[in-house]
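Two complexes are shown next, each including chain A; its partner changes from chain B in the first to chain C in the second.
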Partner chain A sequence: MSGEGNKQQKKRYMLKIDSFAYANKLRNVHPAEKTAFALTTMLLCLIFSSVTLSAVIIILMAGVTVGLAGIPVKTYLRLMFLPFSFLLVGVITVAVSASAGDTVVGANAAEWLVKIKISKIALGITPEGLLAAARLFFKSLGTVSCLYFMSLTTPFVEIAMMMRKIKLPALFIELTEIIYRFIFVLLKTAEDIYTSQSSRWGYSSFKNSMNSLGCLTAALFVRSLHRSQELFTTLTARGYTGQLNVLAPQYPVSAANITLIIIVETFLVISAVLLEVNKFV
Partner chain B sequence: MSDYIIEAENLIYTYPDGTQALKGINIKIPKGKKVAVLGSNGAGKSTLFLHCNGILKPQQGIVKYDGREVRYDRKSLLQLRKNVGIVFQDPDSQLFSASVYQEISFGPLNFGLSEETVRKRVEQAMSATEVAGLKDKPTHMLSYGQKKRVSIADILAMEPEVIICDEPTAWLDPKHAQQTVKLFDRINSSGTTIMMSTHDVDLAYSWADYIFVLSNGEVIGEGIPEQVFTNEILIKKADLEKPWLVQVSEVLLIKGCLPKAAVLPRNRERLFELIINHGTNVGEEEVINDFSDFRNNGRERDHISADLKGL
Partner chain C sequence: MRMLSEIMKSSLKKIKLPVFIILYSAALLLTLPQNAYAMHIMEGFLPVNWAGFWFVLTIPFLILGLRSIQKTVTAAPSVKMLLGLAGAFAFVLSALKIPSVTGSCSHPTGVGLGAIMFGPLAMVVLGCIVLIFQALLLAHGGVTTLGANTFSMAVVGPIAAFVVYRVLKKTGAPGWLAVFLAAAAGNMLTYITTSVQLALAFPLQSGGFAAALAKFLGVFAVTQLPLAIMEGILTVVVFNVLTTYNRQELLELSVITEEVPQ
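Moving on, here comes the complex of A and B:
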């Protein structure tokens, strides 16, 4: 049952992010401002591979997300730990270098910090490798924190609106929007079917579970097809001609926010350049 | 200009799977009125509605809008859909956007209105259906009743001449059903024709100006509510029941608690008024006779139910 529990937990995280996006203290900030803030910070994090800058960005984003947007610290930390396992595997492979003989490829000899010799191959960690790994680790986490800020404070609807503003292909946006909407409809359908099945002992044994799950999947497929046909009918009834034209609500543009974002970003750029010039990590 | 906003003449439609949904339907929807379409499941109500808006093209017969025959080219269809809006039964199949505001703006935008006009209409539709407070909520977090109201706002924003509702009160609790009906009354008072299908005979009786009864793809009766619901044969044939107001009034009439010449009351208040204003000093004999009649009727009904039990 642990697999199911895990799945449930992941689903809950997804829904949690979604519900926070609609109910946080930065909800009424113009989505363009939030997007600009998150994307420029992310860009800086990616351009300058500085550990210090990345760390500053992680702290900054955590501060904004928890402090300003009001996301509970516990939830935020849990979310930040989600990419950890991926990150760890990636970072270890970067940190560990291998070479034939005693010399490390592309670095000064005898710079091993730790070394294991297996017949003629040396495996170990070099300062360069460690630095590269640290850079990658902080850079990834910094980027993730920017994305979390974005997804925890900006509902998908507004992200789609931003995609419209920057003139991404309409078909792509419409598809994403409809998929987003119907994820929830299907989730609800699946839940209902699951409940009705389990109330009839559908998941009482392994054999029953397999059988019920099969039926559930099949039913979902059929329902999806049915839903899409219904949707087409209802859209046609409202004069659909091949394009989902919609208007988004208007948000107030705040000069104070924009100024603040510019100040923060300038500060980040200047410190990044200074760090680079002084050859600081 | 015609007195009837939508007319269907000898409409025949068979679904690809062989189900004959409409078998020669003739209806005339009076302009500016509240029209109820009654009928059991599978009577052809939804199929009929899809014809009114040009989603389905009749295999035989014609549909007329405002006296003119509907044409099925792109432009005429768009014009028809601008004038005839359908609120579908399941809001989840109608609401395509995760944003309430975007959702409502879709219809009016399709008719090439300016952004300013559309925004105004969205605001108006939202305040009329009392969903303005849900503007910032995603569709999937709304309750069924809220979704239903948004789906009505969808159509309202298009400002059609006719609004067709497929079972608008199904699955709604009494309070929200009442609100929805009141909303339709408000919309109707500004001249919009409203056509709704329903199983709720009490609602149809109190609300509608005119009623069509469908059964098995045919119109088996029509008329003003008082006519339709006092026609025993029709009601039996359509698998309907008499509204409680009619049942109670009939008993009271027999009992002499209502004036003989009284028009059937259309709502609770009117019924009470009639009872209170009417003295109960009626000839005893008459009452007893009528009452024994009534008892015989009751026995007859007992026979029927006994037969049913036998089945």
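Moving on, here comes the complex of A and C:
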């Protein structure tokens, strides 16, 4: 079954991002440096929305993620292709313009590049639409590559540590930590239930699938409920008073890394401004 | 030589239209098997001002949600674990796939189920956290579009589902119908909100927002309409199983729904 193969693959890749986060060559770099680098670059990519800058950022991030963090090229490429379906639909939808007449009405009326006429409405692609779509395409891929750099090099526990540093509400962080821990437990449970259901022809027809999936969801829900009660009991037994306290690991702050990040970001800002001034795409 | 270029030109003109249609439908078809991504706006897709706007709009709801959870938690500390498990449950659900008629698959949002069980305010916080994990672990959604996605999936969807459920229950509609319509409404409104967000960010030169909205609604309706119905059916099945075999747990949960104010 192709659907099942697909599912297996998806799960493998999901866990893969997380396992790479714990085992990559940049693991011992201070998490604040990594997140600052990823988020600043992401913001620059978003603000300037220039095709050239985005392309530079994609190459830069790919270089850092594959070259410095040691993520295998094949895995990285596969991951980059994951959000492609949304990107394609979204970009094509943005590229297509509609108009009631023969020409596009607007501030700078342009010629259609391609056009279909359905009764009075014309659907087609204009140069402006195409340019906007291209900007969007590269901008999205650029920011996605920044996101991947962060999620592939920084484990979630450290991101939670960062959240604590920027003083997000403690309740919010604690909830994210509980959720993170139990995602893996429940995922395993769901996988086991799915395996046993499908080995009993639980997914042999559409009607069976709906029924099985409903049972799986309900069983998972009840398991979660019991798990939560067990967790609370064990925590209370260990003196839980409403706060989960964990030791934060210490990371060396590297002046060299910070200088490098500042240099790279300044270079990106300057080139972005230059591109903007020269009206380059 | 000139004739050749003329022939090429005319044939190009002839080709254009069918090629365009084929390319467009091919792109649509390509994306159908993996329309799991149609639900969330991907990373970097919204311009900076709109991304910020949705963040600002979502934050008050997040604060309200956190406050209501805090209130419940101080009264009954075990609820925190329960909500944590519920969040993990929602994430795992989103990693599962709904089987559908075309062989394509997508995931349930779980928005309706969560809103009925825990109330819409708690769902804002849970939804936001689940979206963070989807972005980090699945590259599904994103950090910059977190505000917009939280607003559509964790603010509008749950409120719609909750209101529909409560109103139908009050009017004495059968339980399964209330659950079905609540879940379907939660799913549909999430998708409509996403379309509105995209249309606001990318209005058309002619026709502006309204035309753009029609365009986005049209494109995503192909995949989302059947999904909303599917999610409705699935939620009904889940509810039936729960009420048949886990009456006790549901009774315990209804305490929470009362404690988390609307």
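Simple rule for what comes next: the second predicted complex is superposed on the first by the 246 of 281 C-alpha atoms of A that agree within 3 Å, B and C clash if a C-alpha of one lies under 4 Å from a C-alpha of the other, contacts with A are read in each partner's own complex, and residues count from 1 in each chain.
The definition used in the following text is that a contact is a pair of C-beta atoms (placed from the backbone, for glycine too) under 8 Å apart; a residue touches a chain by one contact, two chains touch by 3 or more.
As the structure is a computational prediction, the values presented were derived from the model and not from experiment.
In the superposed model, A:P31 lies in contact with neither chain B nor chain C. By the touch criterion defined above, A:V185 reaches both chain B and chain C. In the superposed pair of complexes, A:G202 makes contact with neither chain B nor chain C. When the two complexes are overlaid on their common chain A, residue A:I47 makes contact with chain C while staying clear of chain B. Once the two complexes are overlaid on the shared chain, A:R227 sits against chain B and chain C alike.
Using the contact criterion defined above for the overlaid structures, shared-chain residue A:L39 touches chain C, although it does not reach chain B. More residues of chain A are in touch with C than with the other of chain B and chain C. Taken together, the two complexes place residues 18, 156, 178, 180-181, 185, 227, 231, 235, 240 of chain A in contact with chain B and also with chain C.
Of all the residues in chain A, the ones that touch chain C in their complex are 3, 6-7, 10-11, 14, 17-18, 39, 42-43, 45-47, 49, 79, 82-83, 85-90, 92-94, 96-100, 104-107, 114, 116, 124-126, 128, 132, 136, 139-144, 147-148, 150-151, 156, 159, 169, 171-172, 174-176, 178-183, 185-187, 190, 194, 203, 206, 209-211, 213-222, 224-225, 227-229, 231-232, 235, 240, 242. Across the interface of their complex, chain A is touched by residues 50, 53, 55, 74, 78, 81-82, 85-86, 88, 90, 92-99, 101-103, 105-107, 109-111, 115, 118-119, 122, 135-141, 154-155, 158 of chain B.
In the complex of the two chains, the chain C residues touching chain A come out as 16-17, 20-21, 24, 27-28, 30-31, 33-35, 37-38, 40, 42-45, 47-48, 51, 66, 69-70, 73-74, 77-78, 80-89, 91-93, 95-99, 101, 103, 105, 108, 113, 125-126, 129-130, 132-133, 135-140, 142-144, 198, 202, 204-207, 211, 215-216, 219-220, 230, 233-234, 236-238, 240-242, 245-246, 249, 253.
Remark: chain A residues 18-19, 22, 27, 155-157, 177-178, 180-181, 184-185, 188, 227, 230-231, 233-241, 244-250 touch chain B in the complex.
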